[in-house]
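As structure tokens, here come the structures.
Heads up, the next two complexes both have chain A, just with different partners, chain B and then chain C.
Showing the complex of A and B:
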């Protein structure tokens, strides 16, 4: 069978698990294309008005896959919880319901299951069994497939811990072992990106912050590369944990990077209208004020013009350059003296 | 020997600034003109005018370095041949620190955007820019001046004469306008309304941009709106300290980038990229088209000089901008994108 997986939201966390599971059962996987203007337009026109852009984009990806007639099912999991006593954002927990109400004529093509991912294997097996009841595979095969799914997820986490981004993981999903072994090149400057994986990695929606930084010779690390153990102790600073695992990862991971001496600055990326983002951004603000490391927030919405974004990123890079004593002028990797986005013919 | 000067161009959304600085980094000629929709023509007109003024004052000149900044910095940079194209935050900060070395906070309000820049020990440590809407910027004031029927230049004097400023919602022009109409009908004078408007602009600015950050003296206020003495006073009341308006308040961005261009040329030791004043005679065209290479339909901008394309930008993948240079990183990026697309098609 052909299973469509929307390239949005929790795709940027659990894709390896889903890939391992479905492919070992012999199902074909069809990913939606990386977000583009068409997908955003589809999403905006099919979603309710007052949700964040990330969920709107998800609508677009689901619609894109539903429109492909050869896709039998579109996989829309309900990630209910990723950690004990922590639950996901209500909009994300309600995704299958949102999709079913947005695409009424296609409800029977939406494949769903409820996941409690951080409470051992049992709930995951249960969730996948729920899926297979809908697809019709044998119990034996499901057990094997779940093992494969978990194996892939572990490899992906290992790749992230070794400094590769999730985008690299997606690209090298068939050979994660060699990705893990591949060393990450160190740049002169390193900027940490704090935020939910789906905001950090959706390169279209966020104006391609990652490439803009990399093109200016800045290396990046992200909060999902961190083992939650390393930032556990920041709960004390926050008085109390936030109620969502990903929000804690962004907040505490950001604080961890603020404290790291080899990180030059932290950029947080969030979508407009996201309530919990405004809280962790404030926490990062307060913490950076104590430590004295530059922090900048980028809040994305439907806009595609990126002049304002380019100005902010250029100025942020200037700021960390000056902080390192490198001055504002004579960039070595930039012979024509121009900045990102323009190429002048040599005169 | 001809006089050596550096040229700084700041192409803002509403106005364009063209300045020349001498060896001592002092501005010897500065122009402040409205951009009026066609930045290239405005830049050329500015250059011609500045050139004639400066040559009549100093005789022959030699341009040793050129820098551009502002939201039109890329366009200006490729048209005149800039040595450095710098974002306006760094350019403004550089000039402010040059003028007031112990500055800690810079307020900058221009036509379409406003910025706050925090400086500690002569280096930028933080900054913020206004978000999407232009509330609390020069355009907002311009619009309200027109509505009240008072010349924007006289706005400052009006607000100084106010005895009892009224409170006006400053977050959005639409609300501000209905608030103003209401207060006018209640019998408030133009003076009180204009003063209230200035206060609301400052309140809005500080709430949006400063957001609980530490505001330390010295304060420098620059950009077109700093001409308005009413706003300056409103800032002083809000922060409880003197707010310095530097002597080249409207030209700071252009001045900063001219100085940065000089430094750039000094460090690299290369000759300037400046194409000379003959660029004003060349024909420049811009073209915008939608690339149909993929579903992104990027708006691609093309700059054509005498029939020859000199720059592309706006494409997300580098398909067009790569045509002019073989920058390795760019190609990598295009490859990466392509392989991502291919993967997803599998």
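Showing the complex of A and C:
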């Protein structure tokens, strides 16, 4: 059978698990194309107007896959909880219901299961059994497949911890072992990206912040590369843990990067009208005020003007350089030959 | 602890402030109730809160800030009743604390009272600790009495409100019932703290409202209100939507009131959840926090009870309500009931809002007319 997986939302966290599961069952996986203008337009026209852009984009990806007639099922998981007593945003918890009410004619092609992750293997097995009932595979095969899924997810987490981005993981999904061994090149400047994985890695929606930074010779780290253990102690500063795993990761991970000396600045990326990010962004703001490290917030929406974002990132890089005492742009690197060395990058 | 006088301040929600006031007065504290939501409070709140934070947070922050500014000589305990769930409501008090500290206020502390949440071995002690922090050390009898009186006052104001919105579309002299109602609310507010007297005042006032000349009729269009609790229950936040609809000649009913909210969420939780799952089957059968599931359930129930339309009131960007909104479009189609979603934020203009309400009411009236005509035609054909 051909399973369509939308390249949005929790794809950027659990794709290895789903890849391992479906491929070892012998199903063909059809990924939707990386987000583009058409997908955003599809999503905007199929969702209500005041939902956040990430969910709108998800609508677009699902519609794209539903339009492909050879895709038998589109996989829309309900990630209910990502840690014990920590849940996800209401919109994500209601995701299959949203899809069913948005695409009324295709409700039976939506494959769904409720996942409770990071709470041992039992709930994951249960979720996959729910899928099995809809697909009709045998029990023994499922057991193997779940094991494969969990193995892939563990490898992916390992490669994230070793400093590779999730985009690298998706690219090298067939050979994660060699990706883990591959060292990450260290740059002179490092910027941390704090935010939900689906905002940080969706390169079209966020104006390709990652490659804009890498082009300018800045290395990046993201909050999902961190082990949750290292930022546990920030709960005290936050008074009360946030209710959402990803928001906790973004807030505490951001604070951890603000504190760590080898990070030059933190950029937080969130989508327009995402309610949760408004909380962690305020927390990062207040914390950076105390510590004194630059923090910039980028809020993305369906308008895809690139020039403004490029200017902001260049200004941020200049700020980092000045803070390090390197001046704006060193004369030796001044390719543009401007007198004051102002960094004018051709796009 | 500061040497300044301890004063409590509570979020203002509809007419229930009277109950909160007497609750703390019985315990022997000073209370200052924030002024009703107005442009000043909204301005104050919006300029200090995160941009995409929900509107209720901005209003409450504005209210508290105004109170702190106006009374620099007191030490405030700000009461924040919150839950811990998928909705942002659970993170209000840490943000109040951080933002107000950042603004330079020192004469306050935030007391948040939240339900018991897992793990239980930590949740239950935490709950009682918070409760004691809220009320201070008192004899249990005083605390119980305070709860009972507050409960009765909430009940009384709600009965009066219900009567008001029932009578407004039927009264002979426009505005006469409202005048009696305003007096009655004040009387309830200043009523001595005895259940008997509150009951007596309530009955007297209800009778007085009933005696106001009006015409009994049951052919009015009926509209139900669903949505986010704080927007729905406070007349300052929803621009008096109930009164406006009532003056347009509509029988209006609000799905969430403090009494049924407490009953459903705190006392009859299990029954409420089972009932909700049964009604919502096929639309939203998963807990998403806030009032999202209730909105869908109440819309369906309103249709079953013969209502003509539903208005969903939500703050802009509310997490559970936006999810509910998308599902409500399908409910509206399946059950053939018009649903109007209104998002409230700091820029809500009154004129545009009234126009939308009028258009919706007109639409509902014409739908009723069409249906009545169809029925008449049918009966005519049967006769011939």
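General remarks:
Just so it is clear, the second predicted complex is superposed on the first by the 330 of 347 C-alpha atoms of A that agree within 3 Å, B and C clash if a C-alpha of one lies under 4 Å from a C-alpha of the other, contacts with A are read in each partner's own complex, and residues count from 1 in each chain.
We take it that a residue touches a chain if its C-beta (ideal position, glycine included) is under 8 Å from a C-beta of that chain, and two chains touch if they have at least 3 such contacts.
Nothing here was measured: the structure is a model prediction, and the numbers come from that model.
Looking at the shared chain after the overlay, A:34 reaches chain B, while chain C stays out of its contact range. Of the two partner chains, chain C is the only one that A:281 touches; chain B does not reach it. Once chain A of one complex is fitted onto chain A of the other, the partner contacts of A:315 are limited to chain B, with no touch recorded for chain C.
By the touch criterion defined above, A:215 lies against chain B but remains apart from chain C after alignment on the C-alpha atoms of chain A.
Within the superposed three-chain model, A:323 lies in touch with chain B and out of touch with chain C [touch as defined at top]. In the superposition on chain A, A:26 makes contact with neither chain B nor chain C.
Comparing the two complexes, residues 289, 299 of chain A contact chain B in one case and chain C in the other. Residues of chain C that touch chain A in their complex: 49-54, 84-88, 90-91, 93-95, 97-99, 102, 117-119, 283-290, 292, 316-320, 322-323, 325-327, 329-330, 343.
Interface residues of chain B, counted against chain A in their complex, comprise 71, 74, 77-78, 81-90, 94, 113, 123-127, 129, 131-132, 211-214, 260, 263-264, 267-268, 273, 275, 294-297, 310-313, 316, 321-322, 324-325, 327, 329-330, 333, 336-337, 339-341, 343-345. The part of chain A that touches chain B in the complex is made up of residues 7, 31-34, 36-39, 167, 170-171, 204, 208, 211, 214-215, 285, 289, 292, 294-295, 299, 301, 303, 307-308, 310-312, 314-315, 318-319, 322-323, 327-330, 336-339, 341-345, 347.
Chain A makes touch with chain C in their complex at residues 47-48, 50-51, 78, 80, 85, 87-91, 93-94, 97-98, 100-102, 104, 114, 238-240, 242-244, 272-279, 281-283, 286, 289, 299.
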